[in-house]
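Okay, so subunit A shows up in both of these, paired with subunit B first and subunit C after.
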Partner chain A sequence: MSHNNAAAPETAAPDMTGITKKQLKRMRRFDNPWNNPKLIWGIGLLLGIVLLGVLGRFFWDPELVFTGAGMPRQGPVGIENLRGQVGTWAHPLGTDVSGKDILALLIVGAPNSLYVGVLASLIGMSIGIFLGFSAGYTGGRVDDVIRVSSDVMITIPPLLILVVVQASFGDITLTMMAILIAAFVWQSPTRLIRAQVLSMRESGYVQMARLSGASNMHIMFREMLPNLVPYLFGSFIANVTTSIVTAVGLEVLGLGPQRVPTLGRVIYDAISSAALTQNMWWWWGFPTILLGVMFIGLLLINLGLDEVSNPRLRKL
Partner chain B sequence: MSVLDIKNIHIDFPTSKGVVHAVTDVTLSIEKGRRIGFIGESGSGKTTTALAAMRMLANPGFVAGGEVHLNSLDGNTNVLHLDDEQMRRVRLRKISYIPQGAMNSLNPVMRVDAQIWDAVVAHEGGLSQADLQARSDTALDGVGLDPKVVGRLFPHELSGGMKQRVCIAIGTCLTPDLIIADEPTSALDVITQRHVMQTLREMQEKIGAGLILIGHDMGLMAQSVDDIAVLKKGVLVEFGPVRKIIEDAEHPYTRELISSVPLVGGDSFLSAQASPPKGEKLDQPLLELDGVSKQYGAVTALHPMSFALDGEEPKIISIVGQSGSGKSTMGSLMLGFNDPSAGQVRFKGDDINAMSAGAKLAFRKQVQAVFQDPYACFNPFYRVNHALKFPYENFGMGGDVQTAMEEACTAVGLDPSLVLGRYPHQLSGGQRQRLIVARALMLSPKLLIADEPVSMVDASLRATILANIHDLKDKHGISIIYITHDLATAYHVSDYVMVLYHGHVVEAGPPKEVIGDPQHAYTRLLIDSIPWPDLDRDWGDADDARAALDELARIGGTPETVYRGDIPGFTLGQG
Partner chain C sequence: MGRIPLSYLLNRLFTLFLTVFIAATLIWIIPRLSPVNPVDVMLGRMASGGGSVENSGAILAQLTERFGLNDPWYVQFWLYIKNTLTFDFGISTASFPTPVASMIAAALPWTLGLMIVSLIITFIIGNLLGALMVWEHTPRLWKVAIPAAMVFTSIPPILSGLLLMYIFSSQLGWFPLNGAYGLNTEPGWSLDFAGSVLYHGFLPAMSIVVVTFGFWALGMRGLMITVQGEDYTILAKAKGLRKRYILYRYMIRNAILPQITAFALKIGMLVAGQVLVERIFAYNGMGKLLYDAILDQDFPVIQGVSFVIILMTAVAAFLVDLIYPFIDPRIRHGA
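On to the complex of A and B.
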């Protein structure tokens, strides 16, 4: 028997005749899953918000977030407020009732909201990876304890607990808030990783690694973890979304950091100062749009990652 | 009169690598009441051709040209021109489909008779409850299932063979013109396979439908069909009556397919080596099972058994049995992946489940394995080199890894430049399984456990891979435990055979005796049930198959072991 025989393809060879340039381009995109329009758009939108925070500090004065930085109740450029004053370039997105500049609030606040989400999700993922691997790989009593506690935690509405905790804490820092939220976002990665590890533990390549005398650490981190990367990415992004929603929810209720501008805090101030009745739509409108952009970006990344890890979703 | 005419059909699948012509210019007719076998390897287009007639091609495949005529249609007989509603009415009523995996094809939350009613109602509208009940009773009765009992059961309460017969009942309840059976028995063991195939034949003859049987097993085809169509890479290479194909095939590929089925008693596909190298002489047996048994809860997978294998003269010991016989449990016990419930597994005198870390590593180096599924054995994240390189370095073997890998690949007949440095998904199943054999060779263990090493590889490659494994013994002095359900390969490869049934050894001895001239009722039944590409051999009818299954139930309890002789260096004892 020759080896040519074994190397021959089992199906008929593909035929490249009669394929247009446009089709070729689509085919190349199909071959490189990372070249995914949803993923690129999603990353672009989030990068835009990060850039707003970074470049904004150079091109705009972040000191304008303080009370009395400008004339109060100014509209955006060219928009008249209830007193008939027309907005100027001094405050392109207008000011709030105490004269804080809305543009400066967005420049400082948007990255803060993103920071809380990413940090909470990172902490939650780390806990989830540790617990998920422990439960799935060790099994037995350890598995029982971790599984039951994560299942119980999933049934508890996080906002309810956080409202009570934060109300009793009073003013807290952004990092502290992220840690508190992280206590509620480790369950789903734990469950996801545990399930994957359980099925991977019986897979051929893990058996092969055991035959090769591999240590448990090698099996977990060199054989299993790399195959979990697409799941971890997806779970991470989903957790960032959840964390931001939770953080904004708390801030809009007036909880969370009191002296640090965040998008949720701006909306809370707008609501409590009756921005709606004074027709100051720019006050709550711009932060809401920015939050929307953030969520759409995260959603697109999640959809894109889905297509990367599951080729069936990709269309030719 | 022909039921279905396929004329010059072309089927294309656009993929990211270009358009794959899965089927090219296939023309054939299926006569009423005749059975046609579509045979070929995976990817040969056999299923695709048959499914085109039902317009059920998997995405993104499409019919690029040609015609499919279903002659019982009024007016325009080309099924490719029907609209969706007309096509719906054709499916099951005119052309029915019996799928490969019956376990996934039945609705898990519906009783069996309700699933048959579903089919009837979809095509004949609302009938009274009594009429429906009568229809499902007839359908189940036809496939030899008791409608009073089985009709009220849910699919998970049925065995694999029963589920497949329910699928046949659904497929025939509307008396279609054509039945397409897509590898209906590939997930079943040979005894059940015979029963299901006989049932299918019986039903098909009763309703006088045409039958397309899709498969890759030439033996099964020879016993089941009237005409054979051989497909290779989407081209119909040969078509003719079964006797002509089996006895006087014209195309070399067909001859290759026929010769790849190993026969009990036929010529060996192995070339014997004059003097195999000797292993080292030990005071203790290389591998010893001492009263080992295994229980999973209340189920006993393996009854107490003992054997001792000395490593001086390398041997191949086959463990033969059906699924659930405990053969894979034995494999994992011998590898130390599972603790025995009682007894000890000893390697060179040391209990493998009570070893220190250092001793365990030495044990791992000396005992290697080849598993069933070559697709799962490679970590998809790494290039295939990882699977060969890592153990080599982990066991601290001296020498250049790259040279060792290349030598091992060449020894199993792979071109190192074609396989090394690739990702697993870029290689075929056969190439991957050979690489696993190469990996074992590189580590030069004392003992190799081969658990169904060829059952997931295409038939034409099985002989080659078994020859590779046989070479490990002949040229490299490695003792091998060969675990399989396939008696014919065990006959050729092994020096000693144990037949396992429900965790008991029922017959053991040299293969010429055990398989060539079986004495135990179970061994005889197994051998009678194997479909061989021999037209003059009687495979029996459905009643024979049923009687055989009853016989099996009778010997179920605690079967006696029939000892058929010993070979030096291996001793077997029960208890």
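On to the complex of A and C.
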């Protein structure tokens, strides 16, 4: 029990009656590892962004993302712009230099960023699960090829290859961008799953299944995969973050989808129109905050999942 | 090289070359799949600059010949690989007679300097804070403050760059808005210039540090929790060694090892993030070069910059792998 040292001073009680009600409640809470505050907060933040995108369309006109939807350079409600005009409720978060409504841009743009992240990560995970299991379970030549190619690909920053892709092809759809990003996020799940499968392959229950004549598919997907679920979730979330960072990076460079509003695109427009020197903070500030909330949500989910899969990280 | 067996070294060198080769190939293939013809783009630029271009057909043919676009693909590819490996990336199409290699050579020191400084600072700060999160003798205030600072760590450096730039350059005016040194300082080995470089580099470096230290801190925290329960730590405590000595020589010394491996894996992401920070701060590095090239559709520069950055990350990962056995004597590759 050496690893319990850190928590010992708080929880050490001579008998059950020494435990206060509060401590008892905390201990019960951790009986279910999925009932983790970080996880719940993270999921809540992300759900909030999804709701903003879904419900926002009912309460706010998404058509306002187009040029000339309102007076240009309006500040948010009650904020004066450089020309002395005070923002009104017609555009609660203000407008950009061509009169696009910032609130509408956020409502339409935020789900787009999440969509790219989740789709790219899903594709990457599927490839990772397939290759990781193939490498770890089959071994031999297959393992060598997969291991070397993931080692090679992991050092290539996706952003730079994608810059070349998009500079060559010009406009691109959100789905295309997600597929392109997916080509660079399969390496870390592949490595992770391979390592886990290698260690699991020799464990008792897998050998038991093999002896009782279970097929390889059955062993891989019914016996091994359920044990990997917390790792897979963690890797998935980390990949969503990587994918969104890459997508936003491309958009901030002025690449990425040209006709669909995305948060990165809004920031790109703001920087190239010198919004910083014109003090139009609402233009780049709100998308930045929204992206920040998105990333914090993903981080919290990841921390929560770490605690789920590694009990040593939990603290009472 | 006493501890690294030749077979491992060769193996690792093979991976390094494969990485560089695949990256170079991708960069070569992708633009060729696109319908855009670089010669057309260049002529278009000349036409928009001079109103009209006389005998454009002849120029078109000559440029096509000059860039070797009439050769069969394998000749083009062979020439490309040969040139790329000797750092000859051709001639920029936007600033026409300038070779890409000299443009990159001018930008590279800025990027390398910013990268090395910010990587070292984040690595030290991040690991130290991560260790303090676990250490039982950390002051209570720190135990609250460090997790709170973690909030920034999930944000990409472009966003922190924007925020820092807004607060400290645009609003407070403490730091310059763009550039890597002042307009009225002469580049050279003078104290004045060095001061200007530090002054201009502070915010870009900080915007990377603020958002990346948490990655190391979180990793370190997990590792420290494991080390904390190890027998050798308990023994060191039982022997009555000084607390700080245990922290640095027993706990951090052991926990830091996997972090160094993570360094090799993470370096690509960090460099890509920095490219964007440079773009925001209009810092005179590779990021700005890349951004300008994208605006101008300047393919030789885009390819050159991408290749050099990928090469840098691959070499860095290679070096980390080679240094590792010297830091952790237990690792014997291939033994």
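One rule holds for everything that comes next: the second predicted complex is superposed on the first by the 301 of 316 C-alpha atoms of A that agree within 3 Å, B and C clash if a C-alpha of one lies under 4 Å from a C-alpha of the other, contacts with A are read in each partner's own complex, and residues count from 1 in each chain.
Methods note: a residue touches a chain if its C-beta (ideal position, glycine included) is under 8 Å from a C-beta of that chain, and two chains touch if they have at least 3 such contacts.
Everything numeric in this text was worked out from a predicted model, so none of it was measured.
In the superposition on chain A, contact of A:Ser273 is made with neither subunit B nor subunit C.
Of the two partner chains placed by superposition, only subunit C is touched by A:Phe295; subunit B is not.
In the superposed model, A:Glu223 makes contact with subunit B only, not with subunit C. Look at A:Gly213: by the touch rule set out above, it reaches subunit B but stays clear of subunit C.
Looking at the shared chain after the overlay, A:Thr175 reaches neither subunit B nor subunit C. Touching more residues of subunit A than its counterpart among subunit B and subunit C is C. Contacts of A:Ser98 after superposition: neither subunit B nor subunit C is touched. Of the residues of subunit A, those at positions 2-3, 6 touch subunit B in one of the two structures and subunit C in the other. Those residues of subunit B whose C-beta lies close enough to touch subunit A in the complex are 14-22, 24, 41-45, 60, 233-235, 335, 337, 360-361, 364-365, 368-369, 371, 373, 375-382, 387, 390-391, 394-395, 413-415, 418-419, 428, 430-431, 434, 436, 458, 461, 464, 467.
Subunit A makes touch with subunit C in their complex at residues 2-6, 148, 151-161, 163-165, 167-170, 188, 241-242, 245-246, 248-249, 252-255, 267, 271, 276-277, 279, 281, 284-285, 288, 291-292, 295-296, 298-299, 303, 306, 310, 312-313. The touching residues of subunit C, when paired with subunit A in their complex, are 15, 18-19, 22-23, 26-27, 30-31, 33-34, 36, 134, 136, 150-151, 153-156, 158-159, 162-163, 165-166, 169-170, 177, 218, 221-222, 225-226, 228-231, 234, 264-265, 267-269, 271-273, 275-276, 279-280, 290-291, 293-295, 297, 299, 302-303, 305-306, 309-310, 313-314, 317. Note for the complex: subunit A touches subunit B at residues 1-3, 6-7, 9-16, 18-19, 27-28, 30-31, 203-205, 207-214, 223, 226-227, 316.
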